[in-house]
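There are structures below to look over.
Paired with chain B in one complex and with chain C in the other, chain A is shared by the two complexes that follow.
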Partner chain A sequence: MDIDLLFKIAGVGILVAVLNQVLSKAGREDQAMMTTLTGVIIVLMMVISKISELFNTVRDTFNL
Partner chain B sequence: MIFIKIIISIAILCITSYIGIEMAIALKSREQILTDMITFLKMVQNEMVYMLNNLPVSYEMSRQRLNSELKDVIGAIVVDMSKYGVDKIDMSITNNVNTLVSLKEYDKDIIISTLKNLGRSDLESQNNIIENAITIIEKQIKEANEVKVKSSKVYKTVGIISGLLIVVIFI
Partner chain C sequence: MTLFKIVGFGIIAVSLIIILKNQRPEIALMCIVASSVIILLFVFDELKNIIDLINSLMANSSIDSTYIKIILKVIGITYIIEFGKDICKDAGESAIANKIELAGKVIIVSLSIPVVASLVDIVTQIV
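Here is the complex of A and B:
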């Protein structure tokens, strides 16, 4: 597995957490929540191909 | 290849930070223009009440002390006033004040209505119009200051972090 993907996910996570804190402290909780959701969606899109690979591997291993 | 990636990353970060900083500066600009408007109205009041100057002269004398974009806007209105007369410059006032993009619609409405009503009644009424406008604009300045304190740091931070996010995701 490409280690760059892990660093990207970690980077996105840290930046989204910081943005969440900054927006919450400024009283914009709605925008903070939207930012967090956007971060989750971005990370999911980044790993979706790996998840698909995992399911295929499980299917092949157990002959499902 | 890595060198190009670094240059593109720095460019993206600079652009997003610049956008954040520009939005923060626009908040500061709103407060500055409203403060200048109060200065302008007080000086027009002095010119009319104590120097007994007419409206174009009062505007021209008063606008010299301004520091923001309002100075050019009032200058354009004075030019139109000399060309078309005090009664026929409603469109000019509306068009020129609408060029002040940092102001909210409500701020522009107050300034437009004040400038339109000046020069159409006696001295005492004009004095009252100016006093009312100053009271309302002072409240707007307070609100602009609160918004500036709350939001300018947020815009700068969000600008920088958005740039970093784009760099991390795509590069």
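Here is the complex of A and C:
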């Protein structure tokens, strides 16, 4: 029950949201878009490794 | 004891997701995926002993083990299909969710064809 992954993802999400507000207020819309993309990519990397672990576990238990 | 862990984890996850919901819906979706994966992983640890028990029970009984294998496969397939379908539904894409469900049904039917074939053989022998 590793809850720290969840806190990491939420932290990255909140950080990206705040950065977006700051950058869009400062008038740099493109950099705001960049930070959103990097945030989503980082979170995606974390989640994908977890999903592959889930799929391997299911493959082993049910020998699919 | 594990019950409290799961429910507590779910409530914390939902509260984090709501924070992210309106600013960053895509990261909220990733949070949903991550929390459901973690809960499923936790459940599969418990499920492994149950499946080992079933296998050991079936091993010394006279029942043919291929049927048990097919049943376990179908259960595994439904878990994963359910997982994918609910996440697509949460993201609002019910069309994709229904396609995933359809694919799951097709896979399960294709898996259960040998069982149906053996059933038909048995029936024809009796008649």
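As a convention for this text, the second predicted complex is superposed on the first by the 55 of 64 C-alpha atoms of A that agree within 3 Å, B and C clash if a C-alpha of one lies under 4 Å from a C-alpha of the other, contacts with A are read in each partner's own complex, and residues count from 1 in each chain.
The rule we apply is simple: contacts are C-beta pairs under 8 Å (C-beta built on N, C-alpha and C of every residue); 3 or more make two chains touch, one makes a residue touch a chain.
Everything numeric in this text was worked out from a predicted model, so none of it was measured.
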item: First (chain B), second (chain C), both or neither touched by A:Val12; value: both
item: Superposition-derived comparison: chain B or chain C, residues of chain A touched; value: C
item: Touched partner set for A:Arg28, first chain B, second chain C, both or neither; value: first
item: Contact residues common to both interfaces of chain A (with chain B and with chain C); value: 12, 16, 46
item: Chain C partner contacts - residues on chain A that touch it in the complex; value: 1-3, 5-7, 9-10, 12-14, 16-17, 20, 36, 39-40, 43-44, 46-47, 50-51, 53-55, 57-59, 61-64
item: Chain C residues within the chain A interface of the complex; value: 5-6, 9, 12-13, 16, 19-20, 23-24, 26-28, 30-31, 33-35, 37-38, 40-42, 44, 47-48, 51, 69, 72-73, 75-77, 79-80, 83
item: Parts of chain A lying in touch with chain B, wherever the complex brings them together; value: 8, 11-12, 15-16, 18-19, 22-23, 26-28, 42, 46
item: Interfacial residue positions of chain B with respect to chain A in the complex; value: 150-151, 153-154, 157-158, 161, 164-165, 168-169
